[in-house]
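Please go over the structures that come below.
Paired with subunit B in one complex and with subunit C in the other, subunit A is shared by the two complexes that follow.
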Partner chain A sequence: MSEQGLEKVLEVKDLVTRFHGEGGVATAVNSVSFDVWKGKTLGIVGESGSGKSVTALSIMRLIPSPPGKIEEGQILLRGQNILDLKESEMRGIRGNKISMIFQEPMTSLNPVFTVGNQIEEVLHLHQKDLLSKADRTDKAIEMLHLVGIPSPEKRVSEYPHQLSGGMRQRVMIAMALACGPDILIADEPTTALDVTIQAQILELMNKLQDDLGMSIILITHDLGVVAETCHEVAVMYCGQIVEFADVHTLFSSPSHPYTKGLLESIPSFDSTVDKKEGRLPTIEGMVPSLFDLPPGCSFQNRCFNVSQKCRGSESPPSEKLEKNHIIRCFHPVENQGERTHP
Partner chain B sequence: MSTPLLEVRHLTKRFPIRGGLLGREIGHIEAVGDVSFKIHKGECLGLVGESGCGKSTLGRSLLRLIEPTSGEVLFYGENILKMDRTKLRHLRKKVQIIFQDPYASLNPRMTVGDILGEPIDIHGLANSRAEKKKRVAELLDHVQLSKDSIFKYPHEFSGGQRQRICIARALAVGPEFIVCDEPVSALDVSVQAQVINLLMDLQKELDLTYLFIAHDLKVVEFISHRISVMYLGHIVESAKAHQLYRTPRHPYTKALTSAIPVPNPFHKSQRIILKGDVPSPISPPAGCHFHPRCWKASEQCSKAFPEETNGGSDHFFRCFHPNE
Partner chain C sequence: MNIWIYILRRTLYIIPILVGVTFLIFVLFHLVAGDPTYLLLGKHASVSQMEALRTELGLDRPWFVQYWDVLKSSFTFDFGRSWASKQNILDMVKQGAIPSLTLTLPAFIIGLFLSIAISLFVSFHRGKPIDRVVVFITVALMSFPSLAYILFGQYFFGYKWGLFEISGYEFGFPYFIPYVILPGMIWVAVSLGPDVRFFRTLMLDEIYQDYVRTARSKGMTERAVLFKHVLKNAMIPIITHVMNQIPFLFLGSLLLESFFGIPGLGSLILEALNNNDFPTIKAMAVLIAVIYTFFNLVMDILYTVVDPRVRLG
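Right, the complex of A and B next:
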């Protein structure tokens, strides 16, 4: 995963996060490794329960403990392992160097404070020495202006309930970016929004990335969103990254049967002409429980390419297919030439 | 043409807003405004729109789960809104609904056997216990669930399986028409495809008619024969599925279809990004409700609401400045 001329902002190495529950131990993140480059967007895709949100929370060190625990691995922020930091030091990083926005803008804003107040709080925590109270208010207005909220001077003193869903998500972005973080983690930022509003937010995030040069980790289940915003993509299944590639490679020659299945199961406008007779290709079965994973490859029971080897005791190792294309599969799908998926 | 299975004429639903000391009606929200359409037997009509556009209210009004304010809903020519309780109960055997959230629409204290048996009991569709059991087994077979599911509770199933149970429950009474209110929105992509395939198979097998409500246009396009697009309580465009996407006439439809992220990084779409949010239905803009967000809006648009225009080959739209 080397890319010349780019700065590595974050490096996650063999991260393992486990949850110890009554029903046993669930390995929600299972030796996950990836790099985040300056000014680039890394997409993490997967279905519910694939470990994408837990990966994000692990980076923020926000895993509820107990029952969860980061048990192995390293998270290097500009070379410094943040897993070694004290909680007080970590607080200096959250919202300052690494920020996060969540899926549900309704519940992640505090209903009893004005939006200006909530943006100022971030500045108060991290830049108290640099900015006076009046400066902070100005900065809050400036941030609201940056995320495209009309008449920010007025909006700054409004409460979250006075804003629409899309506006609230803009406020969340303004809060997250107030301190100029190196990395923005966006956990399903547009899932709760309508398509026309989703288009607005994605455009805003792309624009802000160009202007501010931050890196984004975008967590989503929507491959359309990935195709439009990400530079590199990690596909997660049952806690593991089963395929990692740059966005063009992933969509033109998906090599893991799961990735291929996911791409095919999306209905598209220009798919088949006589589609009323046709059916959508599907991935049979469902995601297995993390408490009860089969030995070997966790995708074995849904895979069309399964062999005896996949059901063995060894889970497939990370293998490099080519430069910057990594896959965990014993039987990668052969891609003849360029695929012409929609 | 034969009588349509369902015909909706000028259906309107207004929710009162109460306020003041005595809880007087101080205004209303027009959730569904003057909506008319027809669905023929064996057809699937897709209904798309953003949240708050009234698509679910419309779906529920058809079954009188919400009492519409005015208009007519004709089922084989008979007005549902004029039916008394007995008749309405018989109608429920013919018309069923599947809800969005399979987590919330199943009683957690009932086994699957009881859930599927209840509608059979209510409508007296089985004469003996053995017959009922046979019918339940048949239903499970239809939705591809194993027979031992009968003794399980909803929490033992995944989201996709629960939606299958909901589908089986709707099928229990042998309906002709099913309102599917966002049936796959809560499901993961790979499971979504399974449920869509199941719905399409069942439609062929049992000769069903669907009203398929969703906000995911790709899904709707895949399953529907015709599609209607709603915006703030009104149907602004309706056409055959492939026609609507290839040649959208209403600017809103065009913006909506262009806003969908395309899962292809090589494709750079000409995106139309709409300004602003959907206005509040409490005080919708005068004239065409879409005009404040529309890039084609003229003086005329803010004055009058455009009448329905027939663009030929069953393509209807409400716009003064349609796309060519």
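Right, the complex of A and C next:
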């Protein structure tokens, strides 16, 4: 599943992350594989509890342990398996080669340190030998300028509570990009923001990607955000990637019943809205508990296309539909005709 | 707002507080205590004797003049003389504060640092067996009555093994040291249980905050995360806790002082109560109020230093 001529920055292979709780074992990430290409954005979509964030935290190796544990698979950063690294070596990668920003800009910054101090801290951790104290302050101001914060010389000595939510997320981005990482993991970066600010932040991330050339893993439940920013999309359900495709294929010919259901539940001007009810279609049922997954396909209880085979003991394997289109389903949906972008 | 203006304003707030507190003390003494001349002269005193004593003690003056004396004493610390010993009360307090503070202050500081260190340690190892063991020990420590610590401590450390003095006090450094070690250790042991539990809760409250996850995602060591990010955020409740305890350090520990025969302020109060020595009791009440308001002021100033979100309004 490659786009020719691109450099593979990160390769996740058969990743399995489990949580060992008192109620049993939950496989939060179940045999997940994907590649991240240089300068491209991979979107990971799914409902709450589908394993998106755990996948991201696994890549950072920040799964709280106990109870969590990465049990199988490989995470190759430019060919090197970071799961083999010692914790001290991993610290050299966090914030340096792979950075992460989070959903809650209001609480993700430490309230008792200045914005500048917190950006300088990441430089101090990774570029102590390269930059002096004064250099680090300059760099912090430069980063604030880069993420579009007005009068950064003044803002650098302010505290998080003096900034708005959108500004704080910009500070988070500045902090994450200060060391020039290969990969930026953005875990629902716009969910907690106003719609207008959301657009600004996404635009900023796109622009910075063009300028700096880093890869982005964007975790979201918002397919609109995916359409605007991502090159490739992985749809997750109950810890598995049920469909993987480039963004055009996914929106034009979704093949997994779950993906199809998700796309249909986006409000649009199409005829998908049930005229009589005036309501958007939804996916019936509930996400099953990870402690108690049914045998076979984990989507069986909600699928309109379910058969006896889906309820069997085998869960559907990863299958290649086309060159860059992978799906885990026994009965892929046939697609006729193009569907427009939402 | 400028920090100095804030401090000045906050200091001026002390005036109405002290006026209120001293008034309350004054009224309570007059309502509850009744006429002290009976107490001092006994049942068979003549009227003229009582009149003379009233004049001598200044009790014949109007109430607001008498109140003014109490209020004034909270600024001048001139409390007059004790009825029992006829000594200057301020001198008595100074004399008593030394044994009290030499006992409580080192014990308090050691206990504070020990419990912060232990709570950081168990927060680092949260959820692991060592954490549970420490929590169990703190509960066990809390479950013993403090009297048991004193009795067992005196029996084993003092009587059986003869390691420390168990009664008395000598003024001057370093002579007081042998006398305060055992009561000091008991103070630490008694405070360790609740303090470790309290500080551990504070640390764990912070450790699951989002900014801690951010700090980890930057590549910080867990230890640096704890000492830099978590500890500074936990400072506000720690400061509150510490500042509320300091006034009681001046008071000394009634129980420890009486069991170990230490002539501190705790003993002073006890003695004053036994002797119906009203001026001394009144002086101690005023002093506690003054010390308490003073350290509250210090606390408010420290808040502004530690937490930028505290408005100087």
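Definition applied: the second predicted complex is superposed on the first by the 330 of 342 C-alpha atoms of A that agree within 3 Å, B and C clash if a C-alpha of one lies under 4 Å from a C-alpha of the other, contacts with A are read in each partner's own complex, and residues count from 1 in each chain.
Note that contacts are C-beta pairs under 8 Å (C-beta built on N, C-alpha and C of every residue); 3 or more make two chains touch, one makes a residue touch a chain.
Only a predicted model underlies this, so the values are computations on that prediction, with no experimental measurement involved.
*Asks:* After the overlay on subunit A, what do you see for subunit B versus subunit C, clash or fit?
*Replies:* Fit - subunit B and subunit C, as placed by superposing on subunit A, sit side by side.
*Asks:* Using C-alpha centres in the superposed arrangement, which angle lies between subunit B and subunit C as seen from subunit A, in steps of 10 degrees?
*Replies:* 70
*Asks:* Applying the document's definition of touching, compare subunit B and subunit C: which contacts more of subunit A?
*Replies:* B
*Asks:* So, does A:Glu47 touch the first partner subunit B, the second partner subunit C, both, or neither?
*Replies:* In the superposition, A:Glu47 contacts subunit B only.
*Asks:* Which partner does A:Asn110 reach: the first (subunit B), the second (subunit C), both, or neither?
*Replies:* After superposing on A, A:Asn110 lies in contact with subunit C but is clear of subunit B.
*Asks:* Considering only the touch criterion stated at the top, classify A:Thr196 as touching first (subunit B), second (subunit C), both, or neither.
*Replies:* Touch partner of A:Thr196: subunit B, not subunit C.
*Asks:* Using the superposition on chain A described above, determine whether A:Glu11 touches subunit B (first), subunit C (second), both, or neither.
*Replies:* The answer is neither, since A:Glu11 touches no partner chain.
*Asks:* Using the touch definition from the top, say if A:Ile93 reaches subunit B (first), subunit C (second), both or neither.
*Replies:* second
*Asks:* With the two structures laid over each other on chain A, which partner does A:His248 touch: subunit B (first), subunit C (second), both, or neither?
*Replies:* Only subunit B is touched by A:His248; subunit C is not.
*Asks:* Would you sort A:Pro267 into first (subunit B), second (subunit C), both or neither based on which partner it touches?
*Replies:* Once the two structures are laid over each other on A, A:Pro267 reaches subunit B alone.
*Asks:* Scan A:Leu125 for contacts with subunit B and subunit C and give back first, second, both or neither.
*Replies:* second
*Asks:* Taking the superposition as given, tell me the minimum C-alpha spacing from subunit B to subunit C, whole angstrom.
*Replies:* Across the overlay, subunit B reaches subunit C at a minimum of 6 Å between C-alpha atoms.
*Asks:* Help me check something: in the complex, which residues belonging to subunit A touch subunit C?
*Replies:* Residue list for subunit A touching subunit C: 60, 62, 66, 91-96, 99-100, 102, 104, 107-114, 121-122, 125-126, 159, 161, 172, 175.
*Asks:* Please give the residue numbers of subunit B that touch subunit A in the complex, ascending.
*Replies:* 50-51, 158, 160-161, 188-194, 196-197, 200, 215, 217-219, 221-222, 225, 245, 255-257, 259-267, 271, 273-274, 277-278
*Asks:* Which part of subunit C faces subunit A closely enough to touch in the complex?
*Replies:* Checking each residue of subunit C against subunit A gives 127, 209-211, 213-221, 229, 232-233, 306-309.
*Asks:* What does subunit A use to touch subunit B in their complex?
*Replies:* 47-48, 164-167, 194-200, 202-203, 221-228, 247-248, 251-252, 261-263, 265-269, 271, 275-276, 279-284, 286-287, 341-342
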